[in-house]
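By written order: A, B and C. Residues from 1 in each chain.
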Amino acid sequence: MGVADVVPLVDQHCHGVATGEVDPREWLSEAKNARRHPFRSLLGLSVRRWCAPVLGMPALAPAEEYLWRRAELGWHEVSKRLLTAAGVRHWFVDTGYVPGPVTSPAGLAELGGGTGHEVVRIEAVAEAVQKSAPTPEALLDKITAALHVAPAIAFKSIVAYRYGLALPAEQPDRAEALRAAAPWLRAKDTILTDPVLLAWLVHEAARVGAERGLPLQFHTGFGDADLRLSSTDPVLLTDFLRVARCQVVLLHCYPFHRNAAYLSHVFDNVHVDLGLTIPFVGVRSAAVLAEVLELAPFDSVLYSSDGNVLPELHYLGAALWRRAVNTLTDSWLAEEALTTADAERLAYGILGGNAARLHRL
Amino acid sequence: MGVADVVPLVDQHCHGVATGEVDPREWLSEAKNARRHPFRSLLGLSVRRWCAPVLGMPALAPAEEYLWRRAELGWHEVSKRLLTAAGVRHWFVDTGYVPGPVTSPAGLAELGGGTGHEVVRIEAVAEAVQKSAPTPEALLDKITAALHVAPAIAFKSIVAYRYGLALPAEQPDRAEALRAAAPWLRAKDTILTDPVLLAWLVHEAARVGAERGLPLQFHTGFGDADLRLSSTDPVLLTDFLRVARCQVVLLHCYPFHRNAAYLSHVFDNVHVDLGLTIPFVGVRSAAVLAEVLELAPFDSVLYSSDGNVLPELHYLGAALWRRAVNTLTDSWLAEEALTTADAERLAYGILGGNAARLHRL
Amino acid sequence: MGVADVVPLVDQHCHGVATGEVDPREWLSEAKNARRHPFRSLLGLSVRRWCAPVLGMPALAPAEEYLWRRAELGWHEVSKRLLTAAGVRHWFVDTGYVPGPVTSPAGLAELGGGTGHEVVRIEAVAEAVQKSAPTPEALLDKITAALHVAPAIAFKSIVAYRYGLALPAEQPDRAEALRAAAPWLRAKDTILTDPVLLAWLVHEAARVGAERGLPLQFHTGFGDADLRLSSTDPVLLTDFLRVARCQVVLLHCYPFHRNAAYLSHVFDNVHVDLGLTIPFVGVRSAAVLAEVLELAPFDSVLYSSDGNVLPELHYLGAALWRRAVNTLTDSWLAEEALTTADAERLAYGILGGNAARLHRL
């Protein structure tokens, strides 16, 4: 029993789980159409180690048996068991990426207990508006209006995938943004990739976020093969962070997590998460989290799972963050580097307290 | 006795050993004419710790005694003992770098047991052809022909040293390549440094490699002072990797090994090695390998020694990779993160099985 | 009792301590006007763990009690106790940054024992001369003259803060430097930010340093929010290092410390320090130092504290470097990776011997 086992959890960034049967092997890697055995990885081992018992199997059951048992139970029971076992009180769900039929924030909470909240992806807001905006002026105005009324607990940007994180310090002015909007409105493709419009959008979200008290999350660091890793280093956000008035959350961050921790150290409004990272690195979670804590103020570190489609990922996020916090605090207690009260406060903050304060839960 | 002690080894990237007496102190550092004491480093400690007993001395014998004993035994006996002790079944030997009289692949295998294979350095192929090509057209044609017939188990590129790894996604077209070839043919210097020709060459090797089923190895990460570390980050290969149809092996990788592991995660045809790194980091081998395994699929990780001139390096590669795998699997077994069967399969794959499959041994 | 507990210490880079009461909470972070709780960090825990006993309190006393006790004792007694407890024989004090009333090198030594030496910040030299130089010619000449006579044990450059470390391989010629000097002489602002003049200055200091036998220190890696982290990677110095004839010391380095270690590996005149890093990362000191030792020759690693204003930082530098060296050597002794004599030499070198040799103490 570690200090992390009794604190309320806030999964401050995840996605819905599939509402139907899917092949788990397709969702255990960031590779596309991966031909490698998805269970031969630290993530695969963690699924067998930690999820199998929740489904009534021995720890480390073979992958084939795991898949068989999972199919036998069906997606609903599997999701219910794993999400409930996560013990999460608040789920912050990014609704802007829909790879198939998935739960809504409320639907996720219905399966797993606790309360669902919506993380609004700002690129999805812009792309939804684009379909109906008659003019560039209307486009910009409707985006701003949509950001003002979006039922969000936080905004999120995936500009790391579209252009990279080297955002300008200044928001492109309205004339520039209008010029960039015109060709996009004429285009059939609704994916927003124009760097000027993206920069305008992120700055607009930061401005509205500051007004509404909503943090702005950024995908940073590794993800699938669509991104260029070197464009996702959160340090590229430095110019933006110097002027941003909203609270900022750096998601995932790996392998730039020490850089992210530096940013959370020098900028009071920057927070650091290891969402996607923790389930993937499995048994190495404590080692990676330790690197973040080297510079990150304890009040700036936030747990999330980045769970997506498979409830295994939501559960592993909770289980492995808890385990990482326990491992570090146990070893630091053993060398008398902190007190039990310090360890409890650290666990409480990272696993939910910091997110609760930041989002005024 | 760990799981790594009984598996057959494939050293999938090394060089020949000197066929004559050399001063080991000149080959224990990547510095040129290093004036620092070469044994005061983790590599130096590893030589004394692991190689001394193979030469019949106590572990950690003083450096001076080690050098005396080594000279007493002579290069042939030293090489025979160390290479045999490595327990390698297949040696993949880069024959494109000859700092003095060294063994051929067959000569290395004769000393150490097992079978020698040739890794063909593509820049050396081009430079050999350049000497006799009468025209740019002949140069390109002869390079392609040479790649088609080279007796290779794999190709290797050292473009990291010449231009860096930021290769274009597209092969420069023939007209461009011909324009770049002309001045090189007129030059007295045969070293290929033209970025257009280098890009053409690497793409050509990737194309021929895909046809022939030969992987293409890249030097990435640290090496001697001739390179610029920031130009050797394997992430710079992203554009190239998106289009490459051949299998790719990222050699060495340090300190970008987490980046390399990310690439092996998202690209099914990318593999990651820590060749040069492991002997150098000595007692830290398990720590560095653990960082690779955070994201790298287990089937994508390959052992090599990058042993060069000194058989100590070949032996340390084998001994320290084995030790690193044992250390990690032992600690993961202790926390029940995998089964003994998982550990055995992991050791088997990394130390030889993955290379055997990739190279169809 | 570890091998590091009995060796003489040379703190080869620090600043003065405040000569008056200051609020420690303002100096425990690199953030400006940090609103986060400064004791909720690994640095904050280390202050409570290691400094509290020196002030007569139990280890890990609450932050509030620590502050109360500190105020009760007063700055003079606090400084005397902590600096003396550091057990430093030589203090190298950068006098070019004066955030308030602080001790001189001699004053620091008076409080803490040992001898004070001056590290001369070359940008401060140029800025002092600028105030009185009548012409660009005079400016350059006076800078050179000042570098020749400065009472320095080493030079230091903070060009990482002003322009970044991507210095040209060649010193800008006199005509260029004169052209760059003219507008600066006319400017009211005396802060030197012109890239040409900065490059000229660093090369000039390297030249004079080579003549005088003075090492040139560089701030590299993290610091406060004024810098852009990506401009402080010591690898950016590669061109400069290839031509520099003086000894070079890379300060701080985090999170680029593996890159710095690579540079110290391939360049015989490059040394690596973790000054600012060690106090900040606290309980993680051994982990970070281990990463440096992966490639850094043992004779190239130098201890410093980067202590500034608060004597806690000077003391933590000494205590945590000692502890890191003990931790690593103990674990390496346990796995028989070195002998006790090796461990002692390693500790002696890193903690003071290497600096003593480099600076001819």
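Here is the rule we use: a residue touches a chain if its C-beta (ideal position, glycine included) is under 8 Å from a C-beta of that chain, and two chains touch if they have at least 3 such contacts.
Since the structure is predicted, the reported quantities are computational estimates derived from the model, not experimental observations.
Taken together, the touching pairs cover every possible pairing of the chains. Remark: rotation between chain B and chain C after Cα superposition is 120° (nearest 5). Mean C-alpha position of chain A lies 37 Å from that of chain C.
The residues of chain A never reach two or more other chains; the list is empty. Touching chain A in their complex are the following residues of chain B: 233, 235-236, 238, 242, 258-259, 262-263, 265-268, 290-291, 293-300, 332, 335-339, 342, 345-346, 349.
Residues 29-37, 40-42, 45-46, 49, 59-60, 222, 224-225, 228-230, 254-255, 280-284, 287-288 of chain B touch chain C in their complex.
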